[in-house]
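The block underneath contains the structure these notes are about, expressed in structure tokens.
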Amino acid sequence: MTPPTTIIALMFGPDQPGLVATVSRWIFENGGNIIHADQHRDAEELIFFQRVEWSHADADDQELRRQAALFRAAAEALGMAVQITLSTDRPRIAVMVTKADHCFHDLALRWRAGELPCDLVCVISNHDDLRPAVQTYDGIAFHHVPKSKANKPAAEAEELAILQRHRVDLVVLARYMQVLTPDFLAKSGPVINIHHSFLPAFAGANPYRQAHARGVKLIGATAHYVTPELDEGPIIHQAVDDVSHRHDVTDLRRKGANLEKVVLSTAVLLHLQCRVLAYGRKTVTFD
Amino acid sequence: MTPPTTIIALMFGPDQPGLVATVSRWIFENGGNIIHADQHRDAEELIFFQRVEWSHADADDQELRRQAALFRAAAEALGMAVQITLSTDRPRIAVMVTKADHCFHDLALRWRAGELPCDLVCVISNHDDLRPAVQTYDGIAFHHVPKSKANKPAAEAEELAILQRHRVDLVVLARYMQVLTPDFLAKSGPVINIHHSFLPAFAGANPYRQAHARGVKLIGATAHYVTPELDEGPIIHQAVDDVSHRHDVTDLRRKGANLEKVVLSTAVLLHLQCRVLAYGRKTVTFD
Amino acid sequence: MTPPTTIIALMFGPDQPGLVATVSRWIFENGGNIIHADQHRDAEELIFFQRVEWSHADADDQELRRQAALFRAAAEALGMAVQITLSTDRPRIAVMVTKADHCFHDLALRWRAGELPCDLVCVISNHDDLRPAVQTYDGIAFHHVPKSKANKPAAEAEELAILQRHRVDLVVLARYMQVLTPDFLAKSGPVINIHHSFLPAFAGANPYRQAHARGVKLIGATAHYVTPELDEGPIIHQAVDDVSHRHDVTDLRRKGANLEKVVLSTAVLLHLQCRVLAYGRKTVTFD
Amino acid sequence: MTPPTTIIALMFGPDQPGLVATVSRWIFENGGNIIHADQHRDAEELIFFQRVEWSHADADDQELRRQAALFRAAAEALGMAVQITLSTDRPRIAVMVTKADHCFHDLALRWRAGELPCDLVCVISNHDDLRPAVQTYDGIAFHHVPKSKANKPAAEAEELAILQRHRVDLVVLARYMQVLTPDFLAKSGPVINIHHSFLPAFAGANPYRQAHARGVKLIGATAHYVTPELDEGPIIHQAVDDVSHRHDVTDLRRKGANLEKVVLSTAVLLHLQCRVLAYGRKTVTFD
């Protein structure tokens, strides 16, 4: 039995009494049935966060979209910022890579296995190396956009054009070794990056070498939204693994690659399921 | 600034459309302000679960208890089974021990540090060994109730009388090495046990020896509600730690003791915060 | 700089005084330089285990093999059972699969990335479904050997012939859903399996369904050598992940698949690096 | 059966061929029987590290100390720096605290339970608050040494005198909130500190507040040797726990306190078992 299509709203705004009741009553009175609802209040900053998911019996896609639009208007009238989608929507994803392919394959295999509810439409790389790897997956276009200091503005313009042509909703940096400009980020829509360390430790380049030099007993990986402040964007997910003096930098890279794959794909799945609300330097993750 | 006293309701019953809206509207219309609400639907068994916590501005303790009673009646009218408490209530706890003291000290120190919102009123043991350890904590009575096959019914009757005299709300088995009878459990109220293995593996006696013989690479601990079926009660919390061939049975016991302390105190805290709903062989844990 | 080729010996036998000294002196007096040495004594069963790795300056492959043969003879004279390889040896691996492809892709990608020092020479499946997936990797043959109760002896004979033709050193069951007979195991050489639970809990079929029904708070995966006793072989590696009431059986399968991949590839790597000694129902894992 | 007394040597120095053989032959020829031996080579810095533990049949304490002295001379002749102890030696420990008592109780209970092979002889605090807590343990002296900017040199002199009077071998900072001067550290012998974060992230004050502000999904604790560079000493052990947006700073402190206890007592045990070699900014931990 297919589960019914649901409407998912993700919203936040200034806290006020009765918000949970107001939202759930609105849905009930409009004929909806709440499947899940989860909320959070930031008691210091007095912000209210909610993820609510509901169905309408016998409603077709058109009716669901009408309901979604009505809800958006009602929530905005309450001062909320709202993201709203249907559970059948499939966001279009672009993956940006350089030469390392482990995170790309991990995402592509999960996508092909139906584990990630999205369309993985294209890969953009500043090198041509991964073209054959990408071409083993039906339906993913590969775009080679070389990048240098000199051509960066032109290269980013080309990348943005590719994103627009593919109508991309989400960009995933799967070990993309170039810094994106604030201008790119302002136009690209949301961008998720995997950083190969337990941020905020070892921000910047060569974190496994830094971790080895410092003699840490755990290494980590961090998936975060990209903001103009390098490695400072809101954290979506993190994980760690044990290391010891027996592990050299190569071992750390191998163990780290395992972490990167799991942490990045978990973060992308949380985003696709509309479970992540970024605000300020943080996220609320309804998992 | 002291946070306001809240009413916490924990309930479950047959799922039906509009439950979230009905509950939140009821609270709003009775002047309450929802602080947290979390719910879950068991999609296979069509059961609805909810934990909801709310405050009333300017309400004194008497008014809050009146509201709680009204809510209970309303929820029961919806077919829900309800547990309801005020955040200022301090359940009275009895700890049952044998000779091992690590879990007892862990609970007692956390209680004394204010980390566990309860009154740890007494310790019952089938041996007298831990009397001096218990007496270093002000306010905890120690009761020695020896137990043998022959005197078990009388001993359990004495234990139940102690629980009643201390008006105990929750019994915690902190490495108590005796099986409680169904009759005891029917009268004692809820009982939480720490089992020194990752259940359902290695149920029964000497789990660390079993784990060592089997050569597992991880050992665990499990906190669960006690039911008449030994080691089969609903699981509240579990954790594991790495082991290797270098660890002998003594090492496993030491590592296991660390796990037991953290897992048991976490489970007791979850129970005290009204976050655990047991149903059938499972729990819903709103953490 | 390429590290020098090393000889790796893995051995165990009855404990006796001076073994470490005897072994290291032998290597030194034959011109070797110990790079790593790790040993373990099972104090209950009085068994000595050692992994020792050494190099010879300026020795070519032929000289190293001569030294390895000399060492084997010397160790056997001490009553030791010995496995011995050169660090440049590349064991030949066959992967057996049914329909699930996540563990296969994980192994194949790691092999192609140079992370697993082996030759992945063939895949054997009782279904034809994964043929196209296998064919995207250059150099891996695909063999379809259908299996039913009726044809099992003939099918296993065909599988053994395939293993022999490919000169396979290690068989990896990457979610192969058929029980291998003791006869097959006697002829196949070592076989590593991934079991989708934290053994010994939930042995047998449908472990994620069992885990969900039992309401556990952690799920696991276990890689072990296959023996005639189903799910009872010596454990090489295990890992777990958190679950809650929010996760249905599908979620458990997805989380479990992540564990299976990491646990299986870790176990295969440990085996390939000659770090695992199986004895009785256990392993010593020099990691 | 009591295990035999062993000699434990922990040493490091410039790598050279045949070291393992030389050491094990020396022990064998002097009548010793190696129980454990573990070594490591830092391939970048060409340093050799070894922990070796051996017994002598029928040797009394005096003979073992004679053997230990002979070994030290032999190892130093090889250019090694050596620490050497008997397994029956019980290092004398001083614990320094301020007001938080969780780490102190954890250490004291483990010491009393026989889990830590040491004599916990005294507690030194810059406040008098924990005197009653300390006095519940027989045999631990409490010393109150108030500290201010003005009296720091005098206070440290008094602390050093206390350490000397108690013949202290190891100082453990169990949430001691004062920075020790390089002069103190030069005279005190080894000092282990617990830092309430996953170093190098969130070094300095209020790490749980920093972690909350940054929105991390994991918090950690780090035990390290203290050096004149604040929070930069060689790391002995680390662990982490999950957190989410639901956890406020108080929750982080409670979860963090659990981590601190386990990480600190693990590090102290590793040190007491002569498993930790500090060199430069790192440790080699033979666990």
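Labels A, B, C and D are assigned to the chains in the order they are written; within every chain, residues are numbered from 1.
In this text, a contact is a pair of C-beta atoms (placed from the backbone, for glycine too) under 8 Å apart; a residue touches a chain by one contact, two chains touch by 3 or more.
From a predicted model like this one, the values you see are computed outputs, not experimental measurements.
More inter-chain C-beta contacts link the pair B-C than the other of B-D and B-C.
Same interface as A-D, judged by over half of the contact pairs sharing residue numbers, among the pairs C-D, B-C or A-B: B-C. Centre-to-centre separation of chain B and chain D, using mean CA positions: 36 Å. For the pair chain B and chain C, the distance between mean C-alpha positions equals 42 Å. Contact with two or more other chains is made by residues 246, 287 of chain B. Interface residues of chain A, counted against chain B in their complex, comprise 17-22, 24-25, 27-28, 33-39, 41, 242. Residues of chain A touching chain D in their complex: 40, 42-43, 49, 198-202, 213-218, 220, 234-240, 244-246, 248, 281-285, 287.
Residues 101-102, 105, 109, 113, 115, 136, 246, 254, 258, 262, 287 of chain D are the ones touching chain B in the complex.
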